Amino acid sequence: MGNEKTRVGIIGASGYGGIQLVRLLLEHPQVELTYLAGHSSAGKPYSDLYPHLTHRVNLTIEPIDLEAIADRCDAVFLGLPNGLACDMAPVLLAKGCKVLDLSADYRFRNLNTYTEWYKKDRQDQATNNQAVYGLPELYRDAIKDAQLIGCPGCYPTASLLALSPLLKQGFIVPETAIIDAKSGTSGGGREAKVNMLLAEAEGSLGAYGVAKHRHTPEIEQIASDLAGTELQVQFTPHLIPMVRGILATVYATLRDPGLVRDDLITIYSAFYRASPFVKILPHGVYPQTKWAWGTNLCYIGIEVDPRTGRVIVLSAIDNLVKGQAGQAVQCLNLMMGWEESLGLPQLAFYP
Amino acid sequence: MGNEKTRVGIIGASGYGGIQLVRLLLEHPQVELTYLAGHSSAGKPYSDLYPHLTHRVNLTIEPIDLEAIADRCDAVFLGLPNGLACDMAPVLLAKGCKVLDLSADYRFRNLNTYTEWYKKDRQDQATNNQAVYGLPELYRDAIKDAQLIGCPGCYPTASLLALSPLLKQGFIVPETAIIDAKSGTSGGGREAKVNMLLAEAEGSLGAYGVAKHRHTPEIEQIASDLAGTELQVQFTPHLIPMVRGILATVYATLRDPGLVRDDLITIYSAFYRASPFVKILPHGVYPQTKWAWGTNLCYIGIEVDPRTGRVIVLSAIDNLVKGQAGQAVQCLNLMMGWEESLGLPQLAFYP
Amino acid sequence: MGNEKTRVGIIGASGYGGIQLVRLLLEHPQVELTYLAGHSSAGKPYSDLYPHLTHRVNLTIEPIDLEAIADRCDAVFLGLPNGLACDMAPVLLAKGCKVLDLSADYRFRNLNTYTEWYKKDRQDQATNNQAVYGLPELYRDAIKDAQLIGCPGCYPTASLLALSPLLKQGFIVPETAIIDAKSGTSGGGREAKVNMLLAEAEGSLGAYGVAKHRHTPEIEQIASDLAGTELQVQFTPHLIPMVRGILATVYATLRDPGLVRDDLITIYSAFYRASPFVKILPHGVYPQTKWAWGTNLCYIGIEVDPRTGRVIVLSAIDNLVKGQAGQAVQCLNLMMGWEESLGLPQLAFYP
Amino acid sequence: MGNEKTRVGIIGASGYGGIQLVRLLLEHPQVELTYLAGHSSAGKPYSDLYPHLTHRVNLTIEPIDLEAIADRCDAVFLGLPNGLACDMAPVLLAKGCKVLDLSADYRFRNLNTYTEWYKKDRQDQATNNQAVYGLPELYRDAIKDAQLIGCPGCYPTASLLALSPLLKQGFIVPETAIIDAKSGTSGGGREAKVNMLLAEAEGSLGAYGVAKHRHTPEIEQIASDLAGTELQVQFTPHLIPMVRGILATVYATLRDPGLVRDDLITIYSAFYRASPFVKILPHGVYPQTKWAWGTNLCYIGIEVDPRTGRVIVLSAIDNLVKGQAGQAVQCLNLMMGWEESLGLPQLAFYP
């Protein structure tokens, strides 16, 4: 271990986002994990929460002491419930830390939108102005220069990677975009909730948050940027009886009815040429979420229905890696000037 | 057992459709199971295929001898792969049997559509003209008078129950209808296929048959009937890591932007007032497929998104009961003049 | 509904035991459900807890008012956490109710054993003396005459049905009995616990309570009765990533090395001749828990290993039906002089 | 890629063992994958079988041409059905390849035992004499010098790691050893079988091969070696509704009733001190199979029941990694003189 490694801390390390970060950072060649902070679990050895890590992690969860954290860390990941990061990030930034927030706090350019959907007033407009939306496939250059990243939600990541080439290049009628998304239950976090019990969720399937899920305005903000016009999307999340994985099935009407599937495969491949984690599938192949399990990859399959004039795009990610912690590490890599894919898994175990 | 019971046979009793029929008919108060027929399993005790039924079924699977079947049965269910029933039904009908076919053979008014999608030429137009589409909620009266029923596919059942009130009464722009459907793997039948292994399908999720699934023209035929105009729908099936259940998430643009959710709940409730198996959920409640597990019920949840002007309808069934065998028994009840719900489960076990 | 029906109440109707009772009693031909009582959910319509029952249950959960309950019920099921029934049963019995307790409170003849394992002192020795252990296959006659039933735990039911013929007739060396039991997670109840989340429990398997699970003394009490001597068993429970079902794999050394599998199949079949819910499987067939899903059945498979001189017995039940609520209804049937199997499901849905 | 890398081939790369090897060897720093051979899939790009690997594997499956394989490989893994490797290994060894066989062909010192359980006559006694049983924790030194490895079965790996310290040091009465093992369904391989369909295996649990599974003599051979006396074990495998993972629950009677749990934890820790992949858990912690998912680790929990005088050992592995392909790579590392853990995953993703 060297003094040349970047010292990294995690505030909110006890949840599923936290454990992914811990695991990824333990295997990252340029990083040293120096601070795990938490509130309710402060004082406990981390391996009390995750006994399978006993042999690799001998850190204890410490209190959230921002001064101490800033002293001991060059970069800090925040894995807290919505509404807490906005009180911590300004302090950490002022002390020179790079900050990567996994909550919704720094995802919105317009804080009124945040307040409307997340029910919290915000005073940190100046800090918010610094924040870059942490989707490297769209904002790679801005991320490289940023000190503060608002890491995207899991659903927006899958949805925007599916939609971006279409919106950016004006191939679809924007208001026809419908995102039918399906997620494993780990997206609900490591909190005890009756509807997330195996006995409840196993062997069943349902929608939730129909027409009112909070990832909707987040998708719309970025989609509007890409389209160059304000637009609204239909977004419906579903809970699937599995642990990990998101599949977004995206529907939209093509402007040009002459476009065929192979055109779009070419267009997507070009759009993501510089993006090591996005894999465009050959025609007739649709992604399985399991292909992305434990990796930072996004697999995209594309179909055109000549009968209806619609494009159907299927995008699959691991909701906790590319949809959360892995993407945050991808951002850190860019911020630090490292190779974008450094330390990030690219090969799932199968089956 | 009395001579007053209706004698019923099943051709193709070895698969998942067959075992559902066996189970439902064993508990049906007006029916006596008199003939189980199969090809590859002929000669075997039925309990060799399903050992848990040893204590209740002591029938042996017999060869498919249509003469013998017609002699010993008043009504016959056909649970065979597509393309076989059309060679058997004419014979059974000629001998006076009522016939309920669970395959696609008698679902299409226009046999050219059948031949286009199922790749088999048909000579039995006259017989086909007799067939009634076995969705009681739409064709109750015709079913009562029918001798031949083409029982609907599992996806069309869930999709059409969700769409019918909207189409029948002209509430939506027909060409905007998108059906994003999700099914448990039992829909694939009891055949050994690699992609249906637990090791492959568990913990994963994917679409299949995008823009080309054979249930599309079946949905379109009935939807066009309801709308009074030819229309096309977008239908995308997905495989979910669970045994049973279908959820159809249906999207469509409302013609009248002033319609609100409660209006539609009222409209649906009225539309299905005489249908004992369709349950319209109160506002804000969306169905879980598990609620319908093992029953002949269809649960429907309704949402309107005032931002986008769309209605989103969620419909959940057990793919093997309301989506297959239970609905066929429901049709038999109507054909025999019995109470529509006779012998059909209405209470799921939970969880 | 008739005045001749038996009026039944459930105290503690909100959990998984409660919902099974509600479902079974709704379909029971001789019973009318007249009182659902609960503490934290008092005042709520029952269908708020289980929306899929909206169309069949319009009862509201009422407070636990023992006077009112006794006035309105002939028989009362108690589905409460351990340690509460012992304060209620005496009151209900005094007012003439039959009482069936699903907790551990009335399972132990010796209250010291109860207090040692359940950490609660007991004053109701007289009431406890009246209680009969509600395993009909062993105590059918006593149950018929009882007013108070201590319904068995789910593990003891599966374990004792596997062991009883061996112990009763002295075929095994008692201290060699090992029960390796596996249960779905619904056994943990409808309480929000992190380790029972789908995200935690799915795709994994582990033991718990090794050498100290509270079902051990319960099994030992009955096993000792059968053997006519005090004995100890090894009992290890495991949590399986599925909703329902228990499999007990029981090992024991045979006293007589000449006994073969078919002897034991004969012996078991004779032992359970009068027991409609126990199904002894033919040789070479081992039970799947799914065969019993939603039924009151217990499937038993038997193997002898001539190399080691051991018998291996496999017994499968639905932990919430034969392992809990169904068995309680079976007891009620006996107490009321009805047919033992009245209203109880005997046919699983498969798959 | 350098000429200094060891050239490795896989015969039988299409199954689950094959895909694990491909994945592990792709990430191994000292290895170059030069030959993928198969019979039925020869001529196909490997990514036709596993589309998620398209971006990383552009090898095509070639015919099983032993000459060509020996020319292009320094070491060869055989991942074939039982009974085929014994015809290939002699040829490959004669040409100087190191051979690691994942089938049962080279696991038995006594070929009569092999023939009795696997029903194939063998002529290759001389080759068999060279074979070393590939369990590094027991045979590390012999593996270092070997040219031919008979890699252990998945159940024997979990069972023997749990039993070895007890047998080696005479702590238990050998004939009391009972192994109740539970496996995910991927152990059945990537072959289409009805009982392995998700629709059949999900939500259910059962034993199979009771008293006659072919891993029994394999466990007994090694256990007898350790104990220094011929012994027999009771081994019962169960199929669990999950993809990966084995848990072995091992019971045995202690010779010395004074031994307590902490003694055994100390003994196990010492026994496995030099074994980087075996993790002994602190008292009161029992392993979850998911902890080992995708890693080469074996987690062991230990309990003593002072009431019965038995030790209960719980051992959890990933059946396809430590139970198969990972352990084979661990053997290759030893044969090549590399660090034992080189290129092998040690950190599971969780949850």
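We just call them A, B, C and D in the order they show up, numbering each chain from 1.
Just so we're on the same page, contacts are C-beta pairs under 8 Å (C-beta built on N, C-alpha and C of every residue); 3 or more make two chains touch, one makes a residue touch a chain.
Every value quoted in this text rests on a predicted model; they were computed, and no experiment measured them.
Common neighbours of chain B and chain C (chains touching each): A, D. Work out the mean CA point of chain C and of chain D, and you get 39 Å between them. Averaging C-alpha coordinates per chain places the centre of chain A 46 Å away from that of chain C. Chain A and chain D have CA centres that are 36 Å apart. For chain C, residues that reach two or more other chains under the stated contact definition are 16, 186, 190, 199-200, 202-203, 241-244, 287-288, 293, 351.
The touch graph of these protein chains is complete, with an edge between every pair of chains.
Across the interface of their complex, chain D is touched by residues 175, 178, 180, 182, 199-200, 202-208, 210-211, 232-234, 236, 238, 240-245, 247, 249, 251, 286-290, 293, 301, 303-305, 307-308, 310, 312, 314, 316, 351 of chain C. The touching residues of chain C, when paired with chain B in their complex, are 16, 19-20, 23, 26-27, 50-56, 186, 190, 202-203, 243-244, 279, 281-282, 285, 287-288, 291-294, 299, 346-351. For chain A in complex with chain C, the residues that touch the partner chain are 16, 184-186, 188, 190-194, 196-203, 241-243.
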